[in-house]
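Two complexes are shown next, each including subunit A; its partner changes from subunit B in the first to subunit C in the second.
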Partner chain A sequence: MAFKDIIGQENALNILKGLIAKGRVPHALLFAGEEGIGKKLAAINFAKALNCRGKVKGIDSCGACPSCVKINKLLKPETLITAGEGDDNLKEKIYMSHPDTALILPYKNEIRIKIIRTLEEHLSYKPFEGNYKIAIIDNSDEMNNETSNAFLSTLEAPAAKSIIILVSSKPGILLPTIRSRCQQVFFSPLPLKKMEELLREKVKGLDDEKLFLLSAVSGGRIGYAITEGLIEKRDSLLEKFLLMTGNPGKEIWEEREEMEEWFEWCQLWLRDIAVLKASGGTGLLINRDKREEMEGLASGASLKNIIELSEGLNKIKRVLDRNLNIAITVNHTSMLMRKMLGRQNVRDN
Partner chain B sequence: MKLRIEKEELQKALQNIQGVVDKKTTMPILSHFMLKADKAAFIMATDLEIALKGPITAEIIEKGSLCIPARKLFEIVKEVEGGILLESQENNWLRISAGKSTFKLMGLPEEEYPALPEIGKTEELNIDAGLLRNMIEKTVYATGDSDTRYTLNGLLLHLIPAKKTTELKLVGTDGHRLAIISSKLASPLSSEMKLILPKKGAMELKRILETSSGTITVHLEKNHIFFTIGDIVLTSRLIEGNYPNYDQVIPKDNEKQVIIDKVTCLKALRRTSIMSREKTNAVRFDVEQGKITLISINPDIGEAREEIAAQYKGESISIGYNARYLMDAIQAMDGETIRFEIQEPLSPTLLVEAAGEGAMCVIMPMRV
Partner chain C sequence: MSYIVLARKWRPQSFDDLTGQETVATTFINAIKRDKIVHAYLFSGPRGVGKTSTARILSKALNCTARQEGEPCGKCDNCKAITAGSYVDVFEIDGASNTGVDDVRELREAVKYAPSSGKYKVYIIDEVHMLSTQAFNALLKTLEEPPPHVIFIFATTEPKKIPATILSRCQHHSFRKIPKEKIKGQLKKIIEAEGINIQDMPLDMIARAADGSMRDALTLLDQASSFSENVTEKDLQVLLGLPETEMIKSLSAAILGGDINKTLTIIKDQADRGYDLRTLTRELLEHFRNLAIIKAAEDADSLLDFSAEETEEMRRECCNVGIEPLTLILNELLRLDGEVRSALNPRYILELGLLKISFVKGMTSINEVLKALEKADGGEVKEEKPSAEKKKAEAQPLTIEDAGQVPDVCAPEAGKAEVFEKESLWNSLVAHFDIQDHLLACKLAEAKAVELTERELVIGFNGGMSLLSDSITQNARAIEDILKKLSGRRLRLKIIPLPSKKTEQAQGISKEKLMAEPLIQSAIKILNSSILEVRALEKNGNSSESQK
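Let's look at the complex of A and B:
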């Protein structure tokens, strides 16, 4: 695994390679972009390239030298033991398989201040065996306020030879003071055509219709597109969407995660409904195969209401992790959907 | 890898690295040590801060290397008797046999162990083991403990080259006190260098030096410092950053000089500090001609007072100190007397060792 194996992120990778080539790697970087498009993968390979001891053509890592082999283990952190494993008091998730490279993950959806202290100590030494000390903080938007503020001074001027890489799919949630201290590298979803090309290569035996569907539904996230059963998942979640416009009952979602996912998918369908409403045609639909359902949903709603619903659902999604009561959430969401999609009377029928 | 080692030899070697093998599990492999058998056998352990490498006498039957859990092997070696046969097997398993018992221990390959740089062709210094130990002892007490100003968590090695010699200054400070000692070394050096040795490295070095004599060799690399003591090599990672300008802190041209008997002062401090507030440890020194009165007052409990003789011929002055800082400094110093150099009640006091290498300690006074 090296830079050359990361698909479709030429722009971001060229920036990173350029930084190495010029020898001007900033001490704080922010890798921003949608989930599932290879940000963490790029960060780990960036670390490898910076500390690689082997010989490769151009700027990349060899993947075979002891340094690369050690850092490669970070690709599967679940196989590594970490401080805090089984010990709730430590509340740390810091993985090191190479003495100069650390990967930090949120612990129970939170990155706490203690880990930043550990990290600062780790960065205060000169490198052990590599050229740089690198810290990759995945899902860095899950740093709480206390952590973020404590991190500011380190982020602004860490000890020499330190590189801190923040990875985030929601960079907007990061404190502006954090963002402004990092050089941002954007990772973008792939365009539809490129996705279709790549999928044709990666997954054999797909017809054109399926190719289009996977490319469009995944939103240009290749990692997401090749997960198994994506279309089936959409079907089952769409069914629940339709159910929600009627009388959903209490136990519509099996688990919290599914619920969160559902709220994400809602936006995709609302987009299609809005497209139908605005253009009147089906040419721009993503869920082409579900045209009938979409048309049915669009029939009773106005464009204004659809947009309002989209905002409303987004708002609920943002507060989902605050321990909402599921039954009340279902009721409220369903009511909102019925109102906005003009289905006030469904219940009475 | 296959080798036969005597129990005592292995036990001694494992005992030596116990202080280095990491108990924290940030990196699981750090609870292992590396055993390598080439022409000779040696063991190596590191906690990413310091690393210790030493030879081990063994009969090498087959060359090779393996990382072995240090704690478990130590426990095994402690309980078995006679010669021990260590044999590596497939998938990094280690077979340990001694007498009629056999053990199988899960090891890890050498490649996964942090790769320690080798000593290159860099600057080299020779220094007497006793002198270095003494210098560390007289400065390390003042270094900080897990301070967020990380440079203070180590001992500064300031090397200033002169003609064919080098001046070595050791400085430790935690922001409230600063200890400094300097000495001339016979080896030359090409340029001035400032290195920060982590406290753990300094303590471990001191521990090893306690049982050794003669000359040791110091190699200075970009990121590491190597101390070769006999056949043991202690490596320490250096701390990144700039050390504060210590020279600025040392008060000069001090008018008021007080000479006090070391033991008397130490004992009086111990007694009076019993009554001082635990948090601040404050003791007031009322200095007059020919004597000092040590006073500590704790409104909740009571007070203590003691008079000690001192050589002083100036106007009276009253100054407060943290008793612990004074005791640390005085305890580390040699000779029968200590010289206090004072300017104002709130400006730093300089303690100077009367005998030995002339160690000094700057202590910030307290408002009492």
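Let's look at the complex of A and C:
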């Protein structure tokens, strides 16, 4: 594992390599971009390159020296013993497989102030065996208000030889004062072609249509695309979508989570139906393998109604967490769908 | 030694260095010259505008041994020590890490003692908004009347979180965002000194992206200079993660032109190439905001931070569009921006939203319609449409008729039948059931009595409620029994769907029929338009049409 193994992030990697090559690595970086596109992987490899002892050609890590081997273990943090083990007050964990490189993950979706104090202490020592003291904070947008504010002074001027890397898929949530102290590196979703190549390699036995579907549905997030059973999930949720345009019955969704997911996926099909209607061709479809179903759904509806339905479903999705009665939600949603998709004449039996 | 970022390296060291905060700088220089230093200051303002820097400069100026014209010399021991952060009488406290009342008590103890080398003991408390309420309250006494050698300087980005009792004890200086031109000027100075190669255009982009913060600008410049030897516009787009300006322009042209296929193709293209669609949405929103401002405001040039050519280009782009459609698009994009942010995959929402926006193209503003109508024949002001009743008559009674249960002929019981109004009959029925079967009564109450004849009572549900009719049919026999009791006649219950407000009512009037109306024809002629959709008005039953 090294920079060259990270796929589709040329821009971001060029920036990082440039920093190392010119010896201008800033003390605070923010890796921003969608979930599941390799930000943390890049951060760990960046740390490896900075602390590598057997430099190949100055910039990338060798992957073989003791330092690289140690830092590589951060890729599977669950196998590591953490600095906070046994300390009940320190629920968040600092993962360290190399004395100078720390990885911090949120505990129960929160990064609390204690961890930052521990981190500050960690950074205050001189590097033990590497060149830099490095701290990677994953999902850094989950720092709570106190943590963020307390972190500001360290982030502005940490001890010499420290590098803090914040990783976030929602950089907009971070305090502006935090953002302004970091050099932001943007990671972009993977291009379609790269995704298809990568998927072909990682998941065996997919035909072209499925490859296309996965790459398009995941929106360029490889981490999401290789989720197990994604296509099966699509199929079963689409079945439910079709069911909802008829007589769904009460128990259509097994659990709440599935319901939420279903509402999310609806937008995909509505998008396909709307695009079919608007462009008149099948060229822009995402669910290419389900062309017939899509055409069937599109036949009775007007573009305006489809869009209205999409907004309607979105609205329901937003209030789902307010403890809606499931039976009523099913009824209402089904009625809305029948009406908007021109199916009110379909009689129940 | 590790690399020191530009923002730290170029921290202003004298009042003169402070970019964009001339008012504050002048105030302090004069205050120092006239010896009118107060004991507590509060600095507030957005990130990276110079609050902490000013606090440090002020503490230097106060303790400098060779002060000139209110400015610190920067060369004496005191100045040097303060710059290095090692001066014994200047305490920089991180308010976010020392939030408790105990920290404040400690501070109160320490305040008593005289300064060891300088003239003043200066306490700079950064991020002071994070102090707890108790901490703030414990500070009040000291803050009101501190020993004469003590000066407090509070710095915060959120002055709203500071209690009023603290605010009233401090001299409050609010720092403004730094104007783009001033940022650019300072950047120019720095690139010269640092030997950074960067063209004017990307420098402009940095200054704009910094959004009034010097630190943001320097962070960006730092990044740009380590990214490339000769920084170009393209480099900056990569660094900022921005979509290409050309693409935004062609997308907005496609939207304004109502070209659905092109809009969708551009989005597909962007998604295929792996561009962040959330950023794209935000940029598109920004672009349309600029267009709307250009359209709406006469002195748009001064409202927007763009060069004259860019403004001119945007003006050309939107010359054929009215402010109303632009506002509509802007509204829609604003909504989209929020939804796209929380969506699992932003693409679908964005595409559906853009499809919706494409409808805007066909709209004519109300003012134009009114004007055109005024110009038309004065006599034809009122638009008469087929009335709602006519349409009701056209609506077919559908479904729900339990013919088997009711005998075909029910002879009215002679003479004794009171003459009930259909409404009051229905109401008394509902009231009757309210005691017997509340649930059913609620359902019945949703219905409207439409017609009462010798043999039947016709009730109607409007569109959404029609699913209630199922359960009423099940209870038809019971209802009919009660009806007999109440009216003295054998009445059959018949349920019809009422034309709902929007769709079903409108289905009654076909487009052709509308086209045949002379008034509509002339309106179409005048407006050079066509009928998009026929819709019914709620109350008076007149119809309106959306026009294209």
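One rule holds in what follows: the second predicted complex is superposed on the first by the 219 of 349 C-alpha atoms of A that agree within 3 Å, B and C clash if a C-alpha of one lies under 4 Å from a C-alpha of the other, contacts with A are read in each partner's own complex, and residues count from 1 in each chain.
Everything below uses one rule, namely that contacts are C-beta pairs under 8 Å (C-beta built on N, C-alpha and C of every residue); 3 or more make two chains touch, one makes a residue touch a chain.
Because the structure is a prediction, the values reported are computed rather than measured.
J.: Between subunit B (first) and subunit C (second), which, if any, makes contact with A:211: first, second, both or neither?
T.: The answer is neither, since A:211 touches no partner chain.
J.: Would you sort A:307 into first (subunit B), second (subunit C), both or neither based on which partner it touches?
T.: second
J.: Now for A:97: first (subunit B), second (subunit C), both, or neither, which partner does it touch?
T.: first
J.: Which partner chains sit in contact with A:19 here, subunit B, subunit C, both or neither? Use first/second/both/neither.
T.: A:19: touches subunit C, not subunit B.
J.: Which partner does A:8 reach: the first (subunit B), the second (subunit C), both, or neither?
T.: The answer is second: A:8 touches subunit C but not subunit B.
J.: Of the two partners subunit B and subunit C, indicate the one touching more residues belonging to subunit A.
T.: Ranking subunit B and subunit C by residues of subunit A touched puts C first.
J.: With the two complexes superposed on chain A, say which partner A:237 touches: subunit B (first), subunit C (second), both, or neither.
T.: neither
J.: Just checking: does A:160 make contact with subunit B only, subunit C only, both, or neither of them? Give me first, second, both or neither.
T.: It touches subunit B and subunit C both.
J.: Check the residue A:126 against both partner chains and state whether it touches subunit B (first), subunit C (second), both, or neither.
T.: The first partner, subunit B, only.
J.: Pick one for A:278: touches subunit B only (first), subunit C only (second), both, or neither.
T.: In the superposition, A:278 contacts subunit C only.
J.: In the superposed view, which residues of subunit A touch subunit B and also subunit C?
T.: 117, 160-162
J.: Within their complex, state which residues of subunit A touch subunit C.
T.: 8, 11, 14-15, 18-19, 22-27, 32-34, 117, 132, 146, 149-153, 156-157, 160-162, 172, 176-177, 179-184, 186, 188-194, 216-220, 264, 267-268, 270-271, 274-275, 278-279, 284, 303-304, 306-307, 310, 314, 331, 335, 339
J.: So in the complex, the part of subunit B that touches subunit A is made up of which residues?
T.: Residues 24-28, 48-49, 111-112, 114-117, 146, 148, 150-151, 153, 198, 222-224, 237-241.
J.: Considering only the defined contacts, which subunit A positions touch subunit B in the complex?
T.: 66-67, 69-70, 80-83, 85, 94, 96-99, 117-118, 120-121, 123-129, 159-162
J.: Please output the residues of subunit C touching subunit A within their complex, sorted ascending.
T.: That would be residues 1-3, 5, 7-8, 46-48, 94-97, 99, 126-127, 129-130, 157, 213, 215-216, 219, 222-223, 225-228, 238-241, 260-261, 264-265, 268, 271-277, 339, 341, 343-349, 351-352, 355-356, 358-359, 463-464, 467, 533 of subunit C.
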